[in-house]
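As written, the chains take the letters A, B, C, D and E, and residue 1 is the first residue of each chain.
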Amino acid sequence: GGSDSKDDPAKKSSDNKASEAETFTVGFDKDFPPYGYVEEDGSYAGFDIDLATEVAKRLNLEINLQPIDWDAKDMELSSGTIDCIWNGFTINGREDEYTWSDAYMNNSQVFVVRTKDNIKSTKDLAGKIVSVQTDSSAQASLEEEENADLKASFKELVVCADYNSAFMDLESGAVDAIAMDVGVARYQITKRDGNDTYAVLDEELASEQYGVGFLKGNTKLRDKVNDTLKEMVKDGTFAEISEKWFSEDVGIIGK
Amino acid sequence: MSLNVLFLQLLEGMVTSVSIFVLTLVFSLPLGLVISFGRMSKNIIVRTISKAYISVMRGTPLMLQLLMVYFGPHFIFNINISSNYRFYAVIIGFVLNYAAYFAEIYRSGIESMPKGQYEAAKVLGYGKFSTFFRIIFPQVIKIILPPITNEVITLVKDTSLAFVIAVSEMFATAKALASAQASVMPYIAAAIFYYVFNLLVAKIMEIIEKKMNYYK
Amino acid sequence: MSLNVLFLQLLEGMVTSVSIFVLTLVFSLPLGLVISFGRMSKNIIVRTISKAYISVMRGTPLMLQLLMVYFGPHFIFNINISSNYRFYAVIIGFVLNYAAYFAEIYRSGIESMPKGQYEAAKVLGYGKFSTFFRIIFPQVIKIILPPITNEVITLVKDTSLAFVIAVSEMFATAKALASAQASVMPYIAAAIFYYVFNLLVAKIMEIIEKKMNYYK
Amino acid sequence: MNVLSLSNIKKNFGSIEVLKDISLNVREGEVMSIIGSSGSGKSTILRCATMLETINGGSIIYKGKKVAWENPDGSIVYANKGELTKIRSYFGLVFQNFNLFPHYSVLKNIIDAPIHVQKIHKEKAVEIAKDLLIKMGLEGKENYYPCQLSGGQQQRVAIARALALNPSILFFDEPTSALDPELTGEVLNVLKDLAAMHMTMVIVTHEMNFAKEVSDEVMFMDKGVVAQTGTPEEVFSSSNPRIKEFLGRFYG
Amino acid sequence: MNVLSLSNIKKNFGSIEVLKDISLNVREGEVMSIIGSSGSGKSTILRCATMLETINGGSIIYKGKKVAWENPDGSIVYANKGELTKIRSYFGLVFQNFNLFPHYSVLKNIIDAPIHVQKIHKEKAVEIAKDLLIKMGLEGKENYYPCQLSGGQQQRVAIARALALNPSILFFDEPTSALDPELTGEVLNVLKDLAAMHMTMVIVTHEMNFAKEVSDEVMFMDKGVVAQTGTPEEVFSSSNPRIKEFLGRFYG
């Protein structure tokens, strides 16, 4: 168990950060559009990136966007090399592992299928091969007790490395469905330039909330960010950013 | 979570890793020999093709080669691929890649054989086939064991690349566990597995080397 | 997105990859020599430590070593690490790892030197230092160039491991672009980069080998 | 009857003419020594005769069977593969550096070719090999590896290996170079025994004493041509200035 | 004056006594040949005298300076490092297989030690080297590499390399084995020239003719002991049965 040993350095590094307090280092997965990814010109973009940038500006902190290897996120956070994880980061199931901001948007896990396959509901997935990204919320949901029957009905659950290869798997017929975050699913489907090729099942696998994760105990920074987010909701900036990425206001903070 | 429990959880991944390891060796060692013949062929076309093959296989990342082998049939020939093909694709990709490395090792060994051994065999009436397999190759094996050992040890660690086409070997499992438990223990378990596996491989190779030392 | 634009995109990553490559070689080649001396030392403590070092470095995945080097200071000594340390950690990790491989290559080369060369130098009055650096080492270099080339080519591809501690080298950039654009083109561009880089490295090593061929 | 006839052999390496016009005949039971200074082409003759090098002119005939001959247009033709395989069994060659197979024991070195080339039954091959080992004074060394033997012993294994195939003629390339006087004596005694058994032999040697003592015929080579051939007495008392110069030290 | 005195030298390899009780004195300007059968310990004597092996008993003295001696308790002491470095410059050794430095040109092989060991100025070293090359008949070979030279030429480079350090005594281990009669003659002539120049030399050789002709003293070794020492006439007409047997072939 590593949770005990984590408490002590946590305080220390958060104190330290407070005294420096010049920069705001945001850890994110640059492989996770539309929340965080690399633009054609090499800059980082995404819904969460825009939010974090705005928050930093209001707090008078210099934003430092740090793409990280998702597998190393906990080590990055506990060693103090990043101040928070902000990147479509699911609160549910991780409530005790981080100090969280308020949830700022809802997310759901859905199934993406090929349109021509005539899969309309999760029942139709019986006997099919379903792909899920390793260490994703969708995988966590499928491992849960309440979804045991659904999972058992699949012919096989394939754990893949990234969504790019998962979509190639779907396209080439090796898998029949991908369980994934709806936002990412929409982005990938649009990008893949074939709204007709893929469909998202209406039936959701699970729903959950995204939040900003801080090192356990770092309430000081969490409070500042939280207050700023609320302020942004109030003056409409949050809605504006949301419209830009999702054509609607997805915000749930302060509502 | 104790190391014991952890190892149990990693067990399935370990079996996959070891299978990839064993199957790769079983097929790439002979294939490498065939390619080394091509590389040394007098026929310029065969030689050029073998040379290009070795160059590309050694010059591009194995990870990309695995993606190619797995997705290639669909994207190039528009064939629907089945999920069962994953594991085969991993083996094919590893075999094709390692055969290129082994081919160069064989070549260096074969080319270092003194001409006198060929000449002695020729004068004694051996044909080309028996000259190679009775006289030359057994001696080549002795010479090339150390570089082969190097490649084999690299292979132990390379098995982790299989996850790029969703074959869950040991390291992928360890990574997932590390995330889920927000702990570095699975990594440590993985390191121990690799280290022990490597020690084992090194020990076996050492024994083979010793066995070969009955002469010279 | 055209290949041109893509390459521009990947350029920054390439610079990182090449820097890792060059710095690793610059430091690990001499360090490897020092370790090989340790490995051949008459002092059993020095020899055992060197042996263990080599065994662990070659026996565990480089990826884990990078994580250790970067996060170790914090988790073990409770030192605050800064983000600037990332790149240094990558270099330290690569250097420590590759030095172990180079050490074994040096050792094999040094041990293969005929005793007569040492004896000739001794009778002529050379001291230990000049015997090694004037007589033995220049000849060792010639012998070990091929295995060194193998390691160097592996290093080209290993640079992609740097992303585990968030140093965005070329391959990580390619992967991110592939995700953002839902396309395999960045992968292909990456493959071309590796291939060309490797060709270049192989060519340079070939030229050095030719230069060394002025004797024997 | 001639076991071997070389006629007008020419051999070039690139633009260098190493053998210019070499003819020699070896009769059954005859011992011929080839002497001459370094680089004169002695080894090359043996290599051409044993088909390790292809000739550029002339003809090679073993026991009346043509190995290679000149077409009217001057090009060289070799006999077909089957024929050559058969002719290979007529001769044996003991290399200057022996070229034993290091991964085979002494016994295996001797029996491997009989078993796998001549398809002789294994028991038979072992019997022949053991006989030869006794003859060569190597009794009890069956299971040694070449690296465990002294130079002289290795050489005797190489001779046994060649003899096991029951050749009609045996070639030796400098069988005693790099041996000390005692070992040299030992090896030369083996050759003398073979001569006494009427083994047909061609020996390239620097041992003038031996050439004089054991040969029926001596051939002196100089820069790719035969300077003189004859009985040992004829050659060693030759008035040819090149031969006199070469032998100078010997009588020194 | 004795350039070298070995007294009661003992040398074991593990439990094998290779040198049992060897004493010899080499006077200035003297040429001593060591003969004897293979394995009798000839090379080992040279290796002990040149400090390539440490002795297990006895003493070594060069020009009155003690290199190694026995303590009262029988243990062997060597002189200190500085002293040994100085004494090393008194002798040169030409190895049986030459041991030239393959990565250095002929010139560099000769001048490297004078420049880097004896700290002689480069121009001076080159001058000395060129003189020696002329003396050895190697003019114009300065920029060749050892691999481009014949065996005889390599040997002469090895001699020049040893002479360039201006030693008081020169050791040779089988300088002519594996050379053809002509090259042998050539190398022996070089040694004769050195003898004529009153170079002090100890030569292990299988060339009885040469030993007889050029030596002031001949030492016959047998199984780690000195069977006889004396003038060539004395040794070559010895009544010792072992010597007679060994020389048998020579007179044969």
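What we mean here is this: contacts are C-beta pairs under 8 Å (C-beta built on N, C-alpha and C of every residue); 3 or more make two chains touch, one makes a residue touch a chain.
This one's a predicted model, so the numbers in the text were calculated from it and none came from an experiment.
Student: Going only through chains that touch each other, what is the minimum step count from subunit B to subunit E?
Tutor: The fewest touching-chain steps linking subunit B to subunit E number 2.
Student: Show which chains lie in contact with subunit C and also with subunit E.
Tutor: The shared contacts of subunit C and subunit E amount to nothing, since no chain touches both.
Student: When B-D is set beside A-B, which has more C-beta pairs in contact?
Tutor: Comparing B-D with A-B, the pair joined by more C-beta contacts is A-B.
Student: Which chain has its C-alpha centre farthest away from the C-alpha centre of subunit D?
Tutor: Result for max centroid distance from subunit D is chain A.
Student: State the chain with the largest centre-to-centre distance from subunit E, centres being mean CA positions.
Tutor: A
Student: With centres defined as the mean C-alpha position, give me the subunit A-subunit B separation in Å.
Tutor: Roughly 38 Å, centre to centre.
Student: Just give me the whole-number Å value for how far the CA centre of subunit A lies from that of subunit D.
Tutor: 83
Student: Averaged over CA atoms, how far is the centre of subunit B from the centre of subunit C? Could you give it in whole Å?
Tutor: Centres of subunit B and subunit C (C-alpha means) sit 21 Å apart.
Student: Residues of subunit C that touch two or more other chains: which are they?
Tutor: Counting only residues that touch two or more other chains, subunit C contributes 67, 75, 184.
Student: Touching two or more other chains, which residues of subunit D qualify?
Tutor: none
Student: Of all the residues in subunit A, which ones touch at least 2 other chains?
Tutor: 71, 75, 168 - these are the residues of subunit A that touch more than one other chain.
Student: Taking all chains into account, which pairs touch?
Tutor: A-B, A-C, B-C, B-D, C-E, D-E
Student: Spell out the residues on subunit E that touch subunit D in their complex, using ranges where they run on.
Tutor: 37-38, 150, 177-178, 180-185, 206, 208-209, 246, 248-250, 252
Student: Inside the complex, what are the residues of subunit B that reach subunit A?
Tutor: Of all residues in subunit B, those touching subunit A are 1, 67, 71, 73-75, 80-83, 85-86, 163-166, 168, 172, 175-176, 178-185.
Student: Please give the residue numbers of subunit B that touch subunit D in the complex, ascending.
Tutor: Residue list for subunit B touching subunit D: 114, 116-117, 119-120, 122-126, 130, 134-135, 138-139, 142, 214-216.
Student: Subunit C touches which residues of subunit B in the complex?
Tutor: Residues of subunit B touching subunit C: 55-56, 58-64, 67, 71, 75, 108, 146-147, 150, 153-154, 157, 160, 171, 184, 187, 190-191, 194-195, 198-199, 202.
Student: Okay, in this complex, where on subunit D does subunit B touch?
Tutor: Listed in rising order, the residues are 50-52, 85, 88-89, 91-93, 95, 97, 99-103, 112-113, 116-118, 145-147, 161-162, 165.
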